[in-house]
Each structure stands twice: as C-alpha cells, then as structure tokens.
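Letters A, B, C, D and E mark the chains as written, and numbering starts fresh at 1 in each.
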C-alpha cells in the first residue's frame, strides 16, 4: 500500500454498465413486441376510421364505422354486431362455469390414492388438445343423427336434439365444448392451489370444528383466492378471444346466431364476402375496449401486489 | 414457339372435390407433357376455404394461375387491379371458340380471365324411388308439390339440401324467384334495383314456404355441407336434390348408378320467361404473377376445344364445355342440360346467387335465406334486414 | 377443566414406530412442557392429544372422558401452532370467533367471549385488522386468543414462540406465564428452548426417541437429573462431562490430575464412569495449571471461559464479577465434589 | 490489508435519509460489529462499504484508496450474506472459484486458492457437492470460503448466522472468531444478537436511526455506556431503569423509598434523572419490603426475579445460588450505589 | 390436506371413490375416446350406421396409413414443427433477456414496460390482425413459415416475459449482489448465474409455448394458406374437406394433429404443470 492510488480510468460502458445493461437486454424483445403488437394496436385504431377494402386506397370516414356499428344517428345498430355482442356476454357468463367446475374436479381428484397422478393428467388432457380438434370432436358428438349425444339421450328416452343447428342452442353447444378444455385448465390451477393450502390452517379449522362444506367455504376457498383470480382472468380472456371453436363448429351459423365479436371481426375483414377492413377494425377496437377493462383490473391487481412485495 | 416455354408455373386451384381434383391434376400433367421444360407446381386448396383465401393469395407473392368465378365475383379483384387484363388474347384470336361466353369475363370492355366449364342446375332425383311411388317428372309447380306430398307421405324428404355453407339455399331462391317473377326481375333484384320488401319478392318466398311447411326438406339441413347432405339421397331418405351438375359425379361415387338418378328442369311456376342457373368457373392470371407467359399458355391450353371436351366429359368433371367447338359428352345429364340451356332458358342464364349479387349483399342475403328455411316465420324481419343492407350498399 | 392421562400410548406411521408406549399423567391446571431433541416425537405426542394424529395403540383421556377415538373438535382442546395458522382472510375478531361460529354459538355470546379474550391479551386495537397487518408477536397473541375464546379444557402449544425474534420471545413467554396463572387451564407446551421450558413449566417431560427420559419440576431436573442425557440436555451452557474410572472409592478423571472424592460412593473399582459438572460450579484457579484458556466469551455480566486441558479435554467455565480470565493464560480448576454428578459410562444412568 | 474510514457518510433513498452523516474509522485487522435495533441502518451502512448501495454524500476509503464511487468489485471487499447467496447450480468448488474464474484468473491459481480456503474451513469432503446437499452451517462456511478465496482486504458480514439454529450459531460463531484470528483481515459484521456482538467484536458500533450512539470495546460499552440507549441495548436481561429526581446531592427514586448517594454528584437539585442498574447488581433482601415477587424465571444456575414495587415500578433481579425467591413473597432490594448509573431523563445522556 | 384423505375414511367410501374415479374419467374423456375408436373403424361401419358399436374390423393401420400417405398431413405436420420449434426458441430467448432486465434492475419505466408486455399479452389478438397481416405481406412473408414464426415470437414474448420476470424476481437477489461484489460483468451474471437457475422455468415455458403455438389456428388462417406453410390445425380443415363425411379418416387425422402436444404433455408433465402454476396465465 503505497501513497494514495487514484481510481483507475474506466471505459464509458464500464462506468454505466448497470444503467445500460437492462436496456440492451430489453431491446430485442421490445423491438419485436412494438413492431408486432404495440404499433399494430395503434394502426388498427387508425384503420377503424377509414373505409378500406384492404387493396385499394383508404377513404377517411371519421366515426362512420362506429356509428353504423352502434346505430348512432338514424340507423339501427348493426344487427350482427348486436348478436355478436350478446353472444360474447353469454360466453363470458357461461364460460365462467369452468371455474367452479374446475374446482369441483380438483377437489374430487385431490387425494393420494394409487395412480392419482395419471388420473390427474388424463383429466387435464383436453387442455393440451387444439381447439380445432376439440371443435371437430364436439361437432361430431352433437351430430343430429349419428352423434354420441343423441345416442346417449336415446338411452334415457330423450332427444333427439340438434344442438348446433338450432339457433337457440347452438351458442350454448359451442360454449359447452369450450368449457371442456377450460375446466381442465381451471382444475389444474386449483389442484396446484390446493397443494399450497396451509395444512396447519386446516388442522386449526378442524380443531375449531369446521368440516366438509363449511371448511371449504370458510377456510379453503379464501386460501384459493389467487388460483381463483387467475382462473377468472384466463377464462374471461379465453371467452372474449373465442374464435377457433366457432369457426370450426358452426362457422358463425346457423344464420349468424353463433357469431361473437372476434369472429364477426374476422368475417368482416377477411372472409369470403368480407374485406371491409375499416369496419372490421372498428369491431376489434370495441372488443379491445371491453377487454381493456379486464386488463386494467388485472394490472391494477398486479400493481398492488408489486407494491406490497418490494 | 410453344415448346420453347420454360421456367415455372404455379397454379393454385380450388378444385378440391375428388372428381375435379383428378381433372385438375390431369390438366397440369397434360400441360406438362406439352411443355416438359416448365416446372409446374400445383396447389389444390379447399374450395370453401379458397373463397376467403384468394384475397391473400393475390396480394402477396401470387401464383401464376388461379381459379375463380365469373361475373360479379371477380369484380373486386378486377377493380383492385389484381387480375391480369387478357383482352389481347381474345383480340388476337388466341382463344378460339370463346367468343360467345366472353361476356361473363368482361368488365368495362376488357376481359380478365377464361372460363373452363359451366354447368346447368336442376333437379336431380332418384328415378327408382319415383318409380316405386309412381311419380313422374313434374312440369308445373303444382305437380311438383303434389309429388312432394306423396314422397313425404312415404316417410321420406322430398329434397336433400345442406345449407351449412349457405350458398345451396341461394340456388333454391334463384330458381323460385326466376320462375315466379322471371329472369329479368331476378337480375334487377340482383343489381339492387328492386327492394327486397317488394310484394313480388314476397310471392317468391310464399311459394318457397309451401315446400317448407309440408316438410319437403331434410331436417337439420343447416348442419350439413352439400356433400354431407348427399348421403340422404344416396341412402334414399331424400328423393331429389336441386344442384349443379357436378353433383352427378359425387352421386355416382356414392354408389348410385345411372338407372337410379335422373334429372329434370325446375318446373314452371308463373308464365314468365324462364331463366336457368349455369355458373361459369374460370381461370385467371393474377397481375402479380411471375410467369405470365406460361400462364397464358396454360389458359390457352385449358380452353382449347379438345381439352374442353375431355375435361368436361361425364367421367371427368361431368359438366358443360365452354368452347363452342368442343362436343358435349354422351352423358344423359350433360345432354339434357345442354339442351335445356340452349332451348328452354329463354329468359337468360344466371351465374348464381353469390355471383350475381354483390358480395356483401350475397353474404347477408344467403344468411337470410338459410334463416328463412329454418324459421319461415321470421320472413318479415329477414326481408327488412336485407332491404336495409341493399339500401346501404346500393344507395 | 381437566387433566390429560395417557396410557401406554403408541404411534406408528406405517411400519415406523415413533412413539413407544408412553404413560403420562398431566394434572388438572398443570403447565406441562415437552422437551427433547429434534425428531424425538414431541409434536407427534402433542398432536395425538389434539386428535390431529390418530393414536395407534393405548388410550388417552381428558378429564374423565376417553377421547382416544374422538374428533379433534370434540376433545375440548385448543391448539396454538408454531406458524400461528391464523386464517389470513379473516379479521382478528373473526379469527377468534371462528370456532364458536362453526359450532353454532349465538352471535352475542361469541362477541362477549371475543371481548373477554381481547381484554386478557390486550388486543383491542387490532380487532379489525387482518393477520398480515400484525407483527409476529401480535399474531401469536391472536392465535392464543383464538384458543382462549373456545374455553378449552386443555391448551396445546407447539413451539409457539420459535418464529419470533429474541426480544419478542421473552415478552411472549412472560405473557404465556401470566395467562396460565390467570385462566388456570391445563397447558401442554412443546419447545426446544431451554429457557422457555425452565421458566414456564410446572412439569417438564424430557423425551428422547419416542420415550420418556424423565419427568419432573424444572429445577429438580436441573439439579437432580436421572441420567446423562437429561443432565446434558437441561442447562445452558451444557454440563461438562469428563470421562474417568473409579479407583479406591474415588474417581480418577482422564486428563485431570488428582482424584476426586465425591458425595456418592462409586460402586466398585475400575468401573468406567462419566463425571458431570455444570459450568457455574467450576472455579478457576488463576494460580493453578493444567489448563489453557482457549477463548473467553464475555457477555457482560458473565463470561464463558473455554478451557483446554493439557491432555486434550475441553471444559467450559462460567465466570462472573469484574475479573475475568484472559485468553492464552495458564490456569487450574477446582471442582467442588458435592456439585459433581456421576453417571455410568455405559448405561448413562446416574449413580447416586 | 486495510482499514475502513468513513467521513460524514450520508445515505438517502429518494427523499428519505436513512444514514445521517457517519464518521467512523475501522482499524486494519479489526473486528468491528454494527449493532442496533431493526431498521437503524446497519445493513445499509455495510452495503455502502461493499458498494452495493451508493454513498449519497461523504467519502469512504479502504486502505489508502478512496472508494466512494467505485464498483463493488474494485473495492477489495468480500461479503457474506445472511442467506449465504450460494449459486445453487454450482458445486462448492465452483462456488468458491467463480469470482476468480469470471475475472480471468488462471486455473491453477484458482485451484490453489480454493484449496487453501477449503483447508482453513475444513470443507475438503464437500467440495464436489452442490449447496442443496449441505447443512446450514456448511453452507455458511462455503459462503465464507467464497469470500476468503478472493483474498479481500475487508470482509463484510450481514447477519451471517441468523438463519442457523441455536446450536449451530454457537459453533459458527466460534469458527468466525477463529478465522479472524487466523487470517487477521479487517472484518465488519452486522448482527442483532447480543452474544455475537459481545463475543466477537474488537469494537462495537451502536447505531440508532442512522446515527452512531457509541463506539467501543464490548465490555467498555457494557460497563461504561455513554447514554441510556446504549446502556439498555447492551446486556441481557436489559438494565433496569428507575425514574427519579435529584435532591440535595442525592437521588430520590419514584416508587422506592430512601434516597441514594451515588458515586457521581447529580448536577443540581430537582433535575429529572433516570437511574440505571443491571439485574446482576441488585441484591434481594428477603427481610426487606416494598416489593412483591411477581414471577421468577428459574433457568437452573440463574433465576430472574421480576419484582413489582408497591408504587408500580418493575425491576428484574438476577439470583444465583441455591436459594431463590418465591413468587408472591414480599422483599426489599439493595442497590449498590457504585454500580448504579445516572442518566439525564431528557437528553438520556449519562451523567458522570 | 383438503378434502380429508380418502385413506382416513370408511372402507365403503374408499371403495366408492376407487370405482367412481375411472367412471368419471371415462365420462370426461368420452368425446375423445369416441374419436379414438372412430379412427380405427372401417369406413363401412359408418355407411352401415354402426357409429357407436364395436368396430366390425380394426382398420387402424389402413386409416392412419391413408392419413400419412394419401394426404398433405405429413406436410402440415412438418410445417407445424418448423413453426413451433423456432418460435419456442425465439420467444424464450427474447423473454429471458427481457425478464432478466425487468426482474433484476431498477430503472425508470421498469414497471411500465413490464405492464406493457402484460397488457399486450392479454389483448384480443383480433385487433392485431389487419395490421399484422399487412406487415407480413409487405415484408414478403405472407404464407411463409418465417412470417408466422416472427409474429408468434413477438406475441408470445409478452406472455413469456411476464412469466420470466416473475420467476427471476423470485430468485434471491443476494445471488446477483454476490456476483457483483465478485466483479462479475452484468452479461456474465445473466449467462452464468441467472440462466442456469432458470432451467426449470425455461423447460416449463418451452412446453407451454410449444402447445400454444402448435394449437394456434387463428394466425395460421390469417397469415398462411395452403400446404406450403400452414400448420396442422389449419391443415386438418383442408384434410376434412378432402375426406368429407369419412369419419374414420377425419378422426385419424384429428388424432394425428393432436398427438404432438399430448405427447409433449405426458413427457414433460412436471414442467408443464410447473409452467401453468408459475405463469398461471395464458
């Protein structure tokens, strides 16, 4: 240790390493994400103020697309939009049945008997299968003459029903098909949630005399709140995004009764008689606004958690 | 000259049903034999799917030849400049024998493609069952209904139909409307010149309703594609099928022989000039094609008289050739159809609902037609909706 | 109020026996502490009293009732868990009232009992908070409150203080002692903390590998352990053990010169024994020799001196007062014979 | 080797100041312990030495080098974390050698340094294990080994033992003391454990709310604290404090009769003061009165007697020997004036 | 454990449970079992109306042979593989870097950027459809595997970053600090300290993204057409139109299309479930 050594000179990067590194690491992901997600959202919003067939020139029409959709002014609300919107609501509400159903199955399977792991994974199976295949499978299941559903109903002397051809039942039929994988998803979330339930609390509750349903309601469910929250989020998002099943099972029919916003949007923009990009974008924007409510709520919940965490 | 062609030729075809698929493959092979140096790449896509995909296909990196339809259906692509103007081929006489049909491919005086086949629509029925029930081919609507009554009484449906993809209902409307109000009125409606709420349109629907109410159609038709509905006819659960002639190939393939199937013209309703549906299928060159020379040669090839004769024969497409110099196959259906179109379609020949009506009108319209077939009571509501759409599109 | 009686109680997990026939009587109102090394079965035994683990064999009664096969909720016990096991989604008030609510008690009664427990534990301010908003000590108090509210005959505690920091531990220990005095219920308490065991217990039960080693009042165990295990286990720093043999009625220790006449007569000559002496009973002789001061740990009022004998034995001596040994110094030790205890080196039993 | 010098060091997080201008000199080779209540800034100060937190104001030098703005890696320090912070995917050997490897030292040198550290810490057996396969104590040793390998001038420890159980804590404490003796480097050690601070430190720094209260050798702080905070903080059980006033050169305590003449002269009459006296310096007079024995905590060799004066003051007295007070008894106390300390009741400063 | 372990309940309840379990499973998987059964039946069974009865003969080989040798299925399968694997790699590479940046460093806008990724991930992807399609076309990547891969990588990056960042955030921070004190450069910290510790997350995420992408249908329809670039999910519809009403072949085709993710799930079950719990969002 001689006399005071001056601090050695360092490169600019070295001096700012900690400040720079995160940006370097973020760059590729942000680039991709901006180009393919963030900017397109803006573009979509912009397109929704135009009339455009996707080929030629765009014509600026202001809010005309929205006015037509929502029936502002002396026109009626776009009937297809209206139907799609209500169907979306049905999806939202009924799809949420996956949450309690998943919980029920999870409770049923949360045991330690031999082979239970295999059972659990088989129950989870529908979730990994593509929705296209699920849709096919269910449309055969529903077939009016040959379908397994009617074969089973016949055993009980009921039926036959033609679920996908009846406009009053078709949407429900599709939702039921959608519930199948979604329930499996919720089931897994709950199974892992149940795993994390504090066993000491269960014991405390046993000492407190809580049993069965009371135990479930007062002790288990509150502890499953994170699982429930996530199950809700993914189910709602799944409901609003529903496209594959409708496309495969009914293609929106019969006479448009199973359309939902996402499907209608696709139809307007890209389907056989479509190519009304502006109008389609306007539908997408409305769907986006609906979803934004849920996204905002989700972000808020996360933000609160972040606050508490560090 | 021709044999000097080389390079690539990319064809995207929607001839995806088994019989047309074989024809398309043979066309490619035949062309390949003529031009061994041309590297042909044939892609066959689902016919229903192609209706949505063609847009994309034309936009980016397009193939050299595509399938499409004549008349209104090609309008958007022509006006967007996506189809190549091939008026010169017609003008140069490169396409002999097509003069009479070039109208369907003409927009603003220019031609944008070539037809390769057309086919009559009409009533295909189970001859054996007619015999069994003692029925004869009807000539009037009353007879038609009377026949149907007997068929229904025998525990069968009169008509097979699968409206899952909507357009099949369009065929029924075309015929009922052309028979009720005549060809000219039908085309006025198609051009948006007549409101849907017109009493004459209502009359068409009233006629239609008679069949619906008597249980003339197979149940649950909205769940089936036309191919799936064909099973009803093959199994004898339905007796007749209003279809294009391409259905014959499928019926034969399904196991029916010619003694079991027969054909009659859609019967007369009112005393008006009759029109017939006879859609034309076409080939086009996308304007972004990279091998236009080869593509032109291919169009020339498919429309040549011999090829037309061959591919439209009963054992191939089973449809009518376009080229006036080619011959109609000795097939009972083709001959009848050819005869019908030439002699008794006095009013005119229509392309088909989804080709005569503008795209948006057709989509809303066919959906309404399907709805009407399932819930006829909604008629007022449906017509109002169609009218609304008409006003928006045409005014 | 009631005591707990266990008769030849056995617990097996599958083929593994972890409790080997325990007979124990806990008097009504007594504060009984289970201690023992980790894995000895303290928690298991406690949970068997609670009914959270089934009793494989033997019988268990609380008061006059045979509870061997009863549900936990019916036994009239309440348990305080190491991790508190508070219901995180309920307020303090609801946490405490939950047991009564589950058993259908009227609201007014619940409110009154919660208020009573709140008063005892001074929790008034926190009644409407959730557990997450409480400090460790407060949580522990709530979990005790939850037990109190149910008015059980027997309180069970499983290492209730081990998740608290040192200061709070002291505070809560005092609290629990006060509580026992105030409500006078039977309490069974598991800990591995010396101080807790010594200060709280009326009766300490020393367990080892699923068997009872000794039962007795804290100071009795400290002063008069039955065997080497108990002697070494109770007291901190632990008792020093020196190996030796008997010779002519005296004890000769390996590594120490001189032989010790002890207050007990060692049985016969040539027997291997262990001599035990607590750090506070050894005196350092600064003038003596034979030992080097290896290290001193001065804690203020007291220092622990680590001595290394010339022959390699290590002992710890407690020093108080103002003069302390210095590291590296050569010293001697004095072992007052009346304070030393003798154990059989093989059976480890005390020789008296 | 080098000492650490801080000059008027300040740390702010945004607007919140947590270190308020600290001046401190740590000698070369010294073992310096930071103690203080939770949140007082011990860890922050340590991390500022390490360079993990920026120094907002003031200067910091290690040896002769001003390190205030240097990167952690350049400061020549090594840190041992409370949670060990071992890389779980590397073997013990790789954990220890990682820092050298990343900085491009030759393999042979790394191997040699790791071998050296391994020897010092007796880790030979475990070199090829992953941290998950080690006990808590072994992990802590590896994390110390990792520090040693880099041959730093200053070792920094942030509560390194608080994740260990009581027994291991004692063992590792001894180990760290030995280590310091063996390699003689400067060490800075954060803890909130009395015993660790007292036994390990050459110098204790008592922090409170980001300020230094007192710096000194352990027994100096114990025997001669500068203020009431240090007096109360060092020593366990804590010093007893009794409020009083001065009167005629003597001290009159609230709640105790009699006045005390003390070894210091209280400044002027009528001043509010606090008298401090450690539990081991009070004597119980079984014949006296004025106090009730509220509770006794008998730990074996020693008992803590909680006394409640008739006027409500509470004091704790240490008792040793064989005779102990009984709960409920009426007793008196003797406070030897030469042991008592006086503090100003307002400034809390010691009056000497 | 809740509910009370069945082992602690009465014998009759145990028996009920043991029998209920397989029954429930069969009911649950009934549609799938039916399809599996369809796929080994001869076509004549369907013509004869024997939909639900015992197969009159087992034609599994014939049916699957047809799928593999007489249709574009193999081509579609290959496409799916070429779409899925690069996407998985790309998304994971991008997101582990982004997750590292967001999970370890404190800087202005950290949370904002993070939330942007989350929000983007939850967006109804229909809103991206028109612009993304145009972008892909103008990049000349319409109907190409690269076009799909690029988009999928970008979109999945949102979800993966959420997942990665939370995982990295849960790593003990002193590990990073320890490395910094030892003078390890930041990028080396990423490669030598953080990345090895993320192995479980990487595996979980890889499996998860694999299934998401393999099962994607919407974007396959929007950005590709025809067998040159379309994945099986889209291919299966083409396949079905080729074999319309031939249920035995359609079933076999569906099973072929569904098989890879299912196999993946069974092989990597542990990671898969870990992935769902860790990320817990789709």
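The rule is short, and it goes like this: a contact is a pair of C-beta atoms (placed from the backbone, for glycine too) under 8 Å apart; a residue touches a chain by one contact, two chains touch by 3 or more.
In UniProt terms the chains read A = L-arabinose transport system permease protein AraP; C, D = Sn-glycerol-3-phosphate import ATP-binding protein UgpC; E = Carbohydrate ABC transporter membrane protein 2, CUT1 family.
These numbers were taken from a predicted model, which means no experiment stands behind them.
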Touching both chain A and chain B (chains): E
Furthest chain, CA centroid comparison against chain D: B
Chain whose average C-alpha position is farthest from chain C's own: B
Chain pair with the most C-beta contacts: A-E
Euclidean distance of C-alpha centroids - chain B vs chain E, Å: 41
Inter-chain centre distance, chain D versus chain E - centres from mean C-alpha coordinates, in Å: 55
Centroid distance [mean C-alpha coordinates] between chain D and chain B, Å: 94
For chain B, residues that touch 2 or more chains besides their own: 56, 59
Sites on chain E at which at least two other chains make contact: 133, 185, 237
Residue numbers of chain A (touch at least two other chains): 54, 219, 270
Interfacial residue positions of chain C with respect to chain D in the complex: 165-166, 170, 174, 177-178, 193-195, 198-199, 218-219, 222, 234-236, 278-280, 295, 297-302, 318, 320
Residue ranges of chain D in contact with chain E within the complex: 50-52, 71-74, 77-79, 81-83, 85, 87-89, 98-99, 102-103, 146, 150
Complex contacts: residues of chain A adjacent to chain B: 53-56, 76, 79, 143-145, 162, 164-165, 167, 251, 253-256, 270-276
Residues of chain A touching chain E in the complex: 17-19, 21-23, 25-26, 28-30, 32-33, 35-41, 43-44, 47, 54, 107-108, 110-113, 119, 121-126, 128-133, 136-138, 140-141, 146, 148, 151, 180, 185, 188-189, 192, 194, 197, 199, 202, 212, 215-216, 219-220, 230, 233-234, 237-238, 240-241, 243-244, 247-248, 261-262, 265-266, 269-270, 277, 280-281, 283-285, 287-288, 291, 294-295, 298-299, 302-303, 306, 309
Residues on chain E engaged by chain D in the complex (per definition of touch): 172, 174-175, 177-185, 188, 192-193, 196-197, 199
